[in-house]
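Please find the structures below.
Both complexes shown next keep chain A, but they swap its partner, so chain B is in the first and chain C is in the second.
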Partner chain A sequence: MIPVRYNVRNLRVRWMTTLMTVIGTALVVAASVLTLSLIAGIDHALRISGHELDLIALRKGSTDEISSGLEQKVAREVSSLPGIARDAAGQPLCSVEFVTILTKPRRNNQGTTNIIVRGLEPVGRSLRPDFKITEGRDLNPGLNEAITSRQMAERFENLRLGEKLEINKRDFTVVGYFEASGSSAESEVWTDLKDVTLARATPEVATTVNLRAQDMDARKTLIDALENDKRFLMSAVTEIDYFKEQLSASYALWVIGIIIASFLIVGASFAASNTMFAAVASRSREIGTLRALGFDRRAILISFLLESVILCSLGGVLGCICVLPFSGFSTGTANWQQFSEITFSARLSPLVLSAGILLAVGMGLFGGLLPAIRAVGMNIITALRER
Partner chain B sequence: MSSGLPSSDPIVEVINVSKEFRRDQNSIPVLNNVNLQLFRGDYLSLMGPSGSGKTTLLNLLAGLDRPTSGKVLVCGEDLGVLSEGALAKWRSRHVGFIFQLYNLIPVLTAFENVELPLTLTSLSRKERKEHVTTALEVVGLADRMDHFPRQLSGGQEQRVAIARAIVTDPTLLVADEPTGDLDAKSAGEILDLMQRLNSDFQKTIVMVTHDPNAAARAKRTVHLEKGVLVAEPTSVSHSK
Partner chain C sequence: MKTFKYIWRNVTRNWIRSSLTILSVGVSLGLMTLLYGFIASQDEWGKEAKKNNRIVVMNVQGFSGQLPIASVDTVRGMQGVDAAVPYSWYGGKYQNKEMPFAQFATDPNEVFNVWPEFTISEEELKAFKENRQGCVVDRRLLAKWGWKVGDRIPLQGTFYPFDLDLQIVGAFDSPQNTDSIWFSWSYLDEGLKQKNFARTGNSGTIFARVGSAEVMPAVIKAIDDRFESSDSPTRSQTEAAFAQMFVDMLGNVRSYIQSIAIAVVFSLSLVTANSMAMSMRERVTEIAVLKAIGFSRLRVLSMILGESMVVTFIGACIGFLIGCMWLQLLNSAIPQYFPFKPAEMIGPWMLTTFVAAAGIGLVSGLIPALKAAQLSVVDGLRRIG
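The block that comes next holds the complex of A and B.
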């Protein structure tokens, strides 16, 4: 095998073309990694939201919380069903909730969008993954107080600590920020069930019952009871299935991201190919010499492919480094199931960064293949005559 | 540095070799029924006008090309029947190349250039280092092993190329106009070195040259005219 230092030093000698190609590849990798990290972010937000034992009960025929409507009295009876898990205090993990959407302005004059406001009782917190207050305090029922996530506060007007969110001309004061493992709960504003239903002038209405089964068998029994017991006649789905439906938002982002990334990748591969063609053309005599010395076609092919891969990998590493500051950067996308916005953070996980490097290696292989084949196809004697 | 062959057997046999090149529909004969033998320790110069087929014959001897008809046998092995991969391997074992333009790899140091053919062998790094150092000492450039080709004079570059050619102890050294790009002084030094390789180390050398002074350093000279071997002096002197 031809020593790798031969390739590395050649890249260094042609440092200007190497630099240009590296920067081009880095930009493409950065764009692709950022897209992938956002997809991973939304994917995480929706996947982490679903606990395998948790159920969401809605009005029969409803597929989402916004279009659901339940009598609060009936909804509260759900907690008496057998098979519901209980918290340390022995209370059933069953939360009657009311969800409404409000059209609110984004910060920095970026238009308006729908946000989800959820009214719930304290037990609802136990049904969200690792719920914790990170700043301020939890809300007190009856005082028209609200809590939300820091990402929401930074994206929307009137959601910072101390600011007031208007719901049907009633001001709800934001008193705290919470986290829930990056789940979809972090895309919501929470308030007390009674406070929000009163503000909405629908005091007897709920939209959802969230509950946790004791085990998988109990989960099945609960679904049967909620769907078939004449007292309830609800639609009951597992949280995992519910959020799987909502993943369609991430699929759209995924498709758009992949299409854009594909165009960029093909473009960058051609740039790498161009650089490598120039390298092969200027090193014909070296190639002839190496062949004369006894390096076979395969060694030449591997050497030039390797050079192309090194070239693009440098771009890959640079691209990944460039996007590191975007880790945790939060944004939102439409959740078409609920006509609202899901807020999520870019997740620059090792998997996403590895995908970026892999992409760069792929670009190197793809871009280097034709030049390497040209190098291999050279006639030794003709190549040796090149000046 | 020895091939270990009995000196009485020819190490290179060119038997009725013809070579034609095709251009469009035309066939251009370059070598016509050439016969030649080389023995261990031979130092042969190939002379002739441009286009007479000297370099083509050299390329055939070095396994860079194949004859249209006839056979080239080196150490009894018919080069015409070897696959391209086998021929590449064969070249790495049996042939050392000295080119007119030295053909050193510009991004590698003198040491690394000389080491290059050894990377195709199973020698350890330590053994390779010993071989490279010895080869550079033979050509008198042990003190320049860390220099890149651009830091060397033309004569020094050609000496590094010679070190690269001898480092694997090949059966045959082929040189195509080895002094063609050098000034008279450097050319003389290179010819001295090649003569020493032949006399002190019994290296078998075939050299293409236009220069009668260079040819005079060889033990024998053959002339090619229009692809035909026209004259071989009777004073053949080889270590038979």
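The block that comes next holds the complex of A and C.
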């Protein structure tokens, strides 16, 4: 086998061409990795939101909270069903919630979008992953107070600490920021169940019952109980399934991402191919010499493929480094299922980064194949005779 | 002409390199065409909406708010308003697929006065008005699902606890694919009343048509003032602004797409510059010979710039074709995201791709061309390999 050092030196000697190809590949990889990291961000937000023992009960026929509608009185009876987990104080982990969407402006004149306002009682907090107040304090019921996440406060008008959000001519004061492991709760504004239903002039209405089962068996029993009990007219789905459904939010991004990535990868591998063809053409004498020294065709093929892969991987690594500053960069997109915006952060997980490198390696292999075959096909005598 | 022949010979002599560069430019500019086409199609939506002097009235709280059905009559009676209808999103499932097309509850008697650019035959319109469970369908939707007039369309409600059993009584033609069916608002509302649904008598949104564009701001203000102190205050806007709301919902997708496009153009300049530089390195002696026999610097410069521009121009043409093919494909596959055919949105964005291609050709050819122009004849002739 021809030492790898030979390839590295060659790349260094032709540094100008190498640099240009590397930067070109790096841009392509950066664009793809960034797209992937956004998709990973949405995926993460929705995946972490689903606890395997948690159920979401909605009005029969509804597929999301926005379109659901329940009577609060009936919804509260759910907590008496057997099999619901209890917190330390012995209270059932069963939360009656009211969700509505409000059309509100983004900051910096970025247009308007719908934000989710959720009214709930204290028990609802223990059903979110690692819910904690990070700044300010939690809201007090009855005072028209609200809490939200820092990302939401940065994205929307009227959501910073101390600012007032108007709901049906009533002002709700933002008193705190919370975190919930980056789950979809961080895309919402929370207030008290009673306060928001009064403001919306629908005092007896709820949309959702969020509950946690004791164990997997209880989960099954609870789903059946809610489905079959005529009192409720509800149906329950596991949170995991519920959020899986919402992954369609990332569907548009997926489509855009895949189209962008595949176009760019094909384009960039043509470019890599070009560079490698030039490398082969200008080194025909070297190739002839190598063959004359006794390196077989396979060694030449591997050597040139390797050079191409090294070339593109350099670009891949550079591209990944370029997007690192974007890690945690928070943005939002339409969640059509909820007809509102989901806020999420770019996640440069190891998986996303290695996908970027893998793309670069793929480009190198694909782009280097034809030039390498040409190098292998050279006749030793003619190759040696070339200038 | 002779110069062009020389340029063409140079382009074709290392055909592998040229075609790789052309393909690389073509594929990437294809992507750019596609992305810009996507943005253009959204702008087109707004432009289309501007033509028709329609106002959309909704509850000030947005889509979750209600507008009592009596408001429609109030709006209809206001000065400057020609016609108004309730327009309520049903969002039902068909054959267990979620929202396979848009479904709106509206007023059969007036709806074609609000959308006068949509056409339907007299008999079908009459049937729509008379048949309580009748619905009319965008003709493209009819073809897509293979429906015929007379077919039954059962829809399961998700938002509303009332399932619809609709019968197609006709098809309408519209300038763009609306992907929608219209049915009678009262059929839905009566059904909801039977189910004791809490929020009956809700018109959802109101679409109103006014006589001319000039009076629109005044009418909008008049409507909002009229409902200001009622139980459901309104927020009215032009249809164009309403369409913009949906575009806004996509969030940063637009700026994201633009930054991708910039990255593409930049990376392409590098790629093409690289391939031009490679060609030049192999041709140093040749260029020295040209200069020795009396070619001026300017001529050498323009020959090389011309070469890189020919390559990128061919790439741009291919890219443009690829992009338009994709747009066409996406238009027929997912009309809700790509409502327009590329032929329907001819505009400056198409020029952008060609300008970008010319720019790439110019920028990438510049350094090799300058180098060649400044090449000393003696050095060039002396050089080997």
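Throughout what follows, the second predicted complex is superposed on the first by the 387 of 387 C-alpha atoms of A that agree within 3 Å, B and C clash if a C-alpha of one lies under 4 Å from a C-alpha of the other, contacts with A are read in each partner's own complex, and residues count from 1 in each chain.
Rule of thumb we're sticking to: a residue touches a chain if its C-beta (ideal position, glycine included) is under 8 Å from a C-beta of that chain, and two chains touch if they have at least 3 such contacts.
Just so it is clear, the structure is predicted and the values come from calculations on it, not from any experiment.
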item: First, second, both or neither for A:I66, with chain B first and chain C second; value: second
item: Partner chain(s) touched by A:S354 [first = chain B, second = chain C, both, neither]; value: neither
item: First (chain B), second (chain C), both or neither touched by A:S80; value: neither
item: Partner chain(s) touched by A:T113 [first = chain B, second = chain C, both, neither]; value: second
item: Contacts of A:N228 with chain B and chain C, given as first, second, both or neither; value: neither
item: Winner by number of chain A residues touched, once chain B and chain C are compared; value: C
item: First, second, both or neither for A:P3, with chain B first and chain C second; value: first
item: Chain B versus chain C as contact partner of A:T134, first or second or both or neither; value: neither
item: Shared contact residues on chain A - chain B and chain C; value: 387
item: Sites on chain B touched by chain A in the complex; value: 59, 62, 64-65, 84-85, 88-93, 97, 99, 101, 103, 105-108, 112, 116-117, 119-120, 164
item: Interface residues, chain A side, partner chain C - complex; value: 16-17, 20-21, 23-24, 27-28, 30-31, 59-64, 66-67, 69, 100-103, 106, 110-114, 167-169, 200-202, 205, 252-253, 255-256, 259-260, 263-264, 266-268, 270-271, 273-275, 277-278, 281-282, 331-334, 339, 341, 387
item: Of all residues in chain C, those that touch chain A in their complex; value: 16-17, 20-21, 23-25, 27-28, 30-31, 34-35, 61-64, 91, 98, 156-161, 197-199, 231, 233, 235, 244-245, 247-253, 257, 260, 263-264, 266-268, 270-271, 273-275, 277-278, 282, 326, 337, 384-385
item: Partner chain B, residues of chain A touching it in the complex; value: 1-3, 5-6, 9-10, 12-13, 285-286, 288-298, 380-381, 384, 387
